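Letters A, B, C and D mark the chains as written, and numbering starts fresh at 1 in each.
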Amino acid sequence: MTSPIEAGVIERHNASLRADHEADFHSLGERLARRGLDADALVDKVARFTVAVPSWGTGTGGTRFARFPGPGEPRGIFEKLDDCAVIQALGRASPAVSLHIPWDKADPAELKERADALGLRFDAMNSNTFQDHPGDPNQPLSYKFGSLSHADPAVRDQAVRHNVETIRIGEAIGSRALTVWIGDGSNFAGQSDLSRAFDRYIESMKRIVEALPEGWRVFSEHKMYEPAFYSTVVSDWGTSLMAAQELGTKAFCLVDLGHHAPNTNIEQIVARLIRAEKLGGFHFNDSRYGDDDLDAGSIDPFRLFLVFNELVEAGERLDRLEPAHMIDQSHNVTDPIESLIRSGAEIRRAYAQALLVDRAELRGLQDEGDALLASDRLKAAFRTDVEPLLAEARRRAGGAIDPIRAYRASGYRARVAAERPAVAGSGGGIV
Amino acid sequence: MTSPIEAGVIERHNASLRADHEADFHSLGERLARRGLDADALVDKVARFTVAVPSWGTGTGGTRFARFPGPGEPRGIFEKLDDCAVIQALGRASPAVSLHIPWDKADPAELKERADALGLRFDAMNSNTFQDHPGDPNQPLSYKFGSLSHADPAVRDQAVRHNVETIRIGEAIGSRALTVWIGDGSNFAGQSDLSRAFDRYIESMKRIVEALPEGWRVFSEHKMYEPAFYSTVVSDWGTSLMAAQELGTKAFCLVDLGHHAPNTNIEQIVARLIRAEKLGGFHFNDSRYGDDDLDAGSIDPFRLFLVFNELVEAGERLDRLEPAHMIDQSHNVTDPIESLIRSGAEIRRAYAQALLVDRAELRGLQDEGDALLASDRLKAAFRTDVEPLLAEARRRAGGAIDPIRAYRASGYRARVAAERPAVAGSGGGIV
Amino acid sequence: MTSPIEAGVIERHNASLRADHEADFHSLGERLARRGLDADALVDKVARFTVAVPSWGTGTGGTRFARFPGPGEPRGIFEKLDDCAVIQALGRASPAVSLHIPWDKADPAELKERADALGLRFDAMNSNTFQDHPGDPNQPLSYKFGSLSHADPAVRDQAVRHNVETIRIGEAIGSRALTVWIGDGSNFAGQSDLSRAFDRYIESMKRIVEALPEGWRVFSEHKMYEPAFYSTVVSDWGTSLMAAQELGTKAFCLVDLGHHAPNTNIEQIVARLIRAEKLGGFHFNDSRYGDDDLDAGSIDPFRLFLVFNELVEAGERLDRLEPAHMIDQSHNVTDPIESLIRSGAEIRRAYAQALLVDRAELRGLQDEGDALLASDRLKAAFRTDVEPLLAEARRRAGGAIDPIRAYRASGYRARVAAERPAVAGSGGGIV
Amino acid sequence: MTSPIEAGVIERHNASLRADHEADFHSLGERLARRGLDADALVDKVARFTVAVPSWGTGTGGTRFARFPGPGEPRGIFEKLDDCAVIQALGRASPAVSLHIPWDKADPAELKERADALGLRFDAMNSNTFQDHPGDPNQPLSYKFGSLSHADPAVRDQAVRHNVETIRIGEAIGSRALTVWIGDGSNFAGQSDLSRAFDRYIESMKRIVEALPEGWRVFSEHKMYEPAFYSTVVSDWGTSLMAAQELGTKAFCLVDLGHHAPNTNIEQIVARLIRAEKLGGFHFNDSRYGDDDLDAGSIDPFRLFLVFNELVEAGERLDRLEPAHMIDQSHNVTDPIESLIRSGAEIRRAYAQALLVDRAELRGLQDEGDALLASDRLKAAFRTDVEPLLAEARRRAGGAIDPIRAYRASGYRARVAAERPAVAGSGGGIV
């Protein structure tokens, strides 16, 4: 297995931090033991938890106003895979990559080979019918007025075919799921028939479901708004659930943490979808205003913890669902590799904290109506600094105790900046 | 039939406005004719559309901070019915009243007799397990920590029994539906198990459904928050739909216009519930911030129109559902009778405007992707001043051309203020 | 004066609609007369009200996900001016254009000459430091981490110089104001020092104010979020007011209708800024979710009316302020010319409706605490269909009774589509 | 000094926890020392930080739907003071109480004497013109349509007199500030003149400011909505700032954490008010939807931390302002004493975490545009479990290591429940 990070970097880095880390891990272990928890068992659980990184997340993101690229932007899927390998080498939380078609289109055999060489595998595939792809012979018709729900059956056919093609690529590289997010909707009341648009979406999705190989799942991803600003065809989890119900046993709902109305209690949506046996997976990120796509846990870390609290609480009910964990973020002002390493760690942090909750005790307090102690017990888990558990999980897997520091020490970014030509800062002119 | 409004009042009032009204109706008729619409047919449709008033809406509402009663507050259900009869006599849009138990508990035979005498009938019944009713022997246990979803089965039993009792009263007075809104939820993360609480709600509701007489429906009413401020068991339409699906063919979802997250596209929820064949009815009101319970159409009249646009658009699909139309408002600074008369008219206004849309033309524009003209056609219907149609519908039914003015001329409020003792302005001390 | 619209088009179009229009205008006049209002006087007032169009609004807008251009996109400022002349020729509400530098950079003399020939003039200038302009020798430093508030004084200098250059261009073409909107802010708590960033903004703005010619004003435009998603330096009207106060008598606040938090009462902000004598002007548009930049009046027409109600209510206090009226919209799914014609009309509609309010009567009802009648009087003005007044104002000024229909009849879009090469649908890849 | 908690309770409780606490404090001290921080110095700083409790917070709160009292509700201000003494005895964070007039009206000498005996003092006074107080001879006129901004000067006079009376009581008991929160606003567009209402508010406040004794401050407290649902006279910090500017050097702005629009960045408002030298103080609580008045730090603990981050960051600039720290919460489902003890601790927790930030390092990262490390350093402070510091600060001051557990062990609630008659669960009937 090749690695874009020189072997000695992590070793030297860890050696320099070892003493302090061991002291912290030991002291945390003692405190946890007092609560009846075994630090080593927790490290094992954390180590088994992974989250896929999005190929498109390795490039600098932007807004409709501008994009400000950094040095060493990956120029194609193979350079993106290199970057993903760096993330995994240091953070050890992200062995899988989620591809976006047509952005990442390439020979499947080469993709597979390159991923194998880097020790990566492929998670859910993402199709793209929210953009036109000028020059693509497979897309003669525009998605300006919709794709899977377009009024014109020819556009719907084209969009269905694109999704089927995405599945086929995924099949060839070992993926097992397709995530469908469409931008279909309308900007004006009256522009679109709210009911018929949804009918057409369902009809198109049925054809995609029919094309799914054995063992595959499809995730319908809802979003409140953007790019459409009056109505969106799949705008909320209720609509997503209706779709998954009609589409049958291979169809599930995907929860992106930034796709909800203001003030929404997202963890309760997670609980509802588990109960409906339709929770398919997550797009992790954080946000304050809209679909801000910020780094997971950066705006409201308690919310992220509460989502994981539901997942841990669900216990065996979740085993049947095996939700897919993916990151979906836009890294506008940071080095994307750093943000993805950190986000993997933040997601694991929320999981680790949720593991600390004494479920039996909590249930007892809930049943007694002891709101104060019940909430305190949950908060106590959240405010436990589990960093030593995360670091130990990384260390044992060959990763870095402090992966950001190790990454900076590695000189990777400077090296690829020298190899990859600079991209001009784009001034979109879209306001 | 007795009427609390002297017969001559409306007659004299209408006579004084007749000439102007006829001119306006005629001129509007000409403009509508140019668009291929028949004013008389529209008046007929409008006249057939009615909306139930809530018994509790006849008293002055308030907030947790204070309630400022007006003169002549009704002291019980029979005086409330008198006030409802005034609303109907003048506005002719509200022949039915929706009761709230135990607030309106009384001998069913007397209720029926009084309503008959006033020319009123009873719409959906409302149960109440969001409050404790001190001294009520049927409610020994507190709802502080929930009702239908309470952790304690004894509390759930009590809440179910209360709902069954409410159904029985409704049966005796000719109602055909039960609206269930519960305040169950939690104020702290951890206080309540989000999944088990919903399981218990479903289990309790199943027992209520079993108690429904033939031909009855039950409406589950969701609400984002308040009185619970962290989580609410039935918080959104997705949860309400899951409930209605599990509860079977008698269970439907009720949409209160003020119970949604900020920025929510309510008309699309209406469209989705029609498609799912689970739209049970509406609680009409308006709001800007939360469940403000303001007068229908007072904050965002275009939104109210768009809801009716979906209802008219649904056409025959809606005939099977026959959604219940009810007002649910809190009249804090107005004479409740005036607000309810006006709200009935505003709701009819939205309906009348929606009737003006040329559905075939709109569909054509939608299919062509002509966003601008499609939205303009819809807006043209909205900006048509249909007041003469509404006034004519009232007039033909024996109501007032300008019902607020006629009400003020009637002296009703002063008369009941003399009969009904003043209520002290309450300073709740709940902040 | 040259016009891109053939003279006979409007004439023929108006002739075909004349009879119906006159009947409608006459009948509305009668109804207004009954309320003591003179239709001709209203037409005059409406005709005097104009709103500037943004040069950038003539091209198809988009989102970070995609932009779907239409046929005949203008390739530069001169073609944009042609399109603006069409808007004015038909709608007669927009004799002025607002430029954006560097997008519209050109020889000022040529700009002036072309505008004169088309019968247009220039409204407020807009600077742009929210994007990098690759290849521009005046912008060697990146705005990735801010512009006027950047931690590095060299970047601030550069941004100040750009604003001064924008003023100079404006001076040469007859503009009298500069609008400053910056995207400065941060995506993470901690990334930026919230206080020092504002200090630096003020310091930079002081230098811009010093560069303002006699008689010029500068508008600070606040926005809650986007492109920054954790904090924004000038995020709300309170911050904008603090800035305008510190910057002195030439500095004012600009209100963009889509730049506020959810549920905000915008008309009250307008009232506050009038009282503070700091209302500089407006960017009109409409929105439901965020800075959606939809067509004015398309989402919440009542809100637009209420803004104008404050302007009319302010009366003479406003005369001193002379707020600038500009449109700022993103036309993603319509022909931009059509949207801008319509938006000008919608803005005038709101103004015309506000003129109908009997201010003395309203004040009396307010002072008596007659909430119901006060709100009804306001709503009565809003629901008056003033289209005949708007059409007559256009007609008398040489414009089209139905400008959208006349525009379509003119064949302008097809003509420019033949002249201007098609632009590829961009797939930004920024998600 | 009398104490409602038996002396031995805390002693015995602390003894039982001593060993573990000392181990935790020691181990935290070592980790902090590695970051250059001195645990003892931090304990001292934390110990000096206090937050006033609201007298009204000792009773169970509620909503417009219901209030569910617990056992042993305090019946008047003297029993409330007893409860406050318990909070302080155990938590040692709240030596001061904030009174609400007329709710807490009593002989000032008796109030002072009782507080002295309990070791308490009085923080800012709160007036109340958002309710009518039936039977109060000082309030013959209703506040239904406003108080300080009422259209009728007689009502304004009455409201001003009430505020002056509140100041006089405060003077007699050693308070130094008056907090003015009014519910004035409107429920309908048109009901109120947005500008004149604010003019009248300013005029009334000027008279209150004139009545302030030497050394006193007045805090204007803004709130977005509730009890008014269309407009609120003092709705946002911009309005509050305008008021404080006009009212002069004794007038400041109070920030209640729950009184903002959805998604608002509150810490930036704090930074702005510090810069404007107008930050008067805080009402601490937490909320997700509106003015939910939940326990501080229970919904979004990171947000609370970020507010304190601004306070610590402001450093000496804040010394001149000396903002008042008060809790304002509604305890609907918990024992109010427990919630207030916990909230005091949560507020101190946020303060303690903010003290951990290396300001020089952070500033350096900010100036370099190192968004990732800057945000990580801040997050590292937040995720440090400072509970041992808080416990040690309590312990050294004579309080309880685990104050909730000690409180439960004390039997205080059961004892007062036996003395104080049960209050009936109120069913407001306000919906």
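Methods note: a residue touches a chain if its C-beta (ideal position, glycine included) is under 8 Å from a C-beta of that chain, and two chains touch if they have at least 3 such contacts.
Because the structure is predicted, anything quoted here is derived from the model rather than measured.
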item: Any chain in contact with chain A as well as chain C; value: B, D
item: Residue-number overlap at the chain A/chain B interface, same or different (half cut); value: same
item: Remotest chain, chain A as reference, centres from CA atoms; value: B
item: Distance between the centres, which are taken as Cα means, of chain C and chain B, whole angstrom; value: 39
item: Chain A and chain B: spacing of chain centres that average the CA atoms, whole Å; value: 42
item: Interface hub residues of chain B, defined as touching at least two other chains; value: 144-145, 186-189, 191, 224-225, 230, 262-263, 265, 288-289, 295, 298-299, 302, 333-334, 369, 371-372, 375-376, 379
item: Chain contact graph, described as a line, ring, star, complete graph or other shape; value: complete
item: Complex contacts: residues of chain A adjacent to chain C; value: 56, 59, 61-68, 103, 128, 130-135, 142-145, 183, 186-189, 191, 224-227, 229-230, 262, 287-290, 292-295, 298-299, 330, 332-334, 424-431
item: Sites on chain C touched by chain D in the complex; value: 144-145, 151-152, 186-195, 198-199, 224-225, 230-232, 235-239, 241-242, 260-265, 267-269, 271-272, 274-276, 302, 306, 309-310, 313-314, 362-363, 365-367, 369, 371-372, 374-379
item: In the complex, chain C residues that touch chain B; value: 20, 23-24, 27, 30-31, 34, 262-263, 265, 288-289, 295, 298-303, 333-335, 338-339, 342, 349, 369, 371-373, 375-376, 379, 382-385, 387, 404
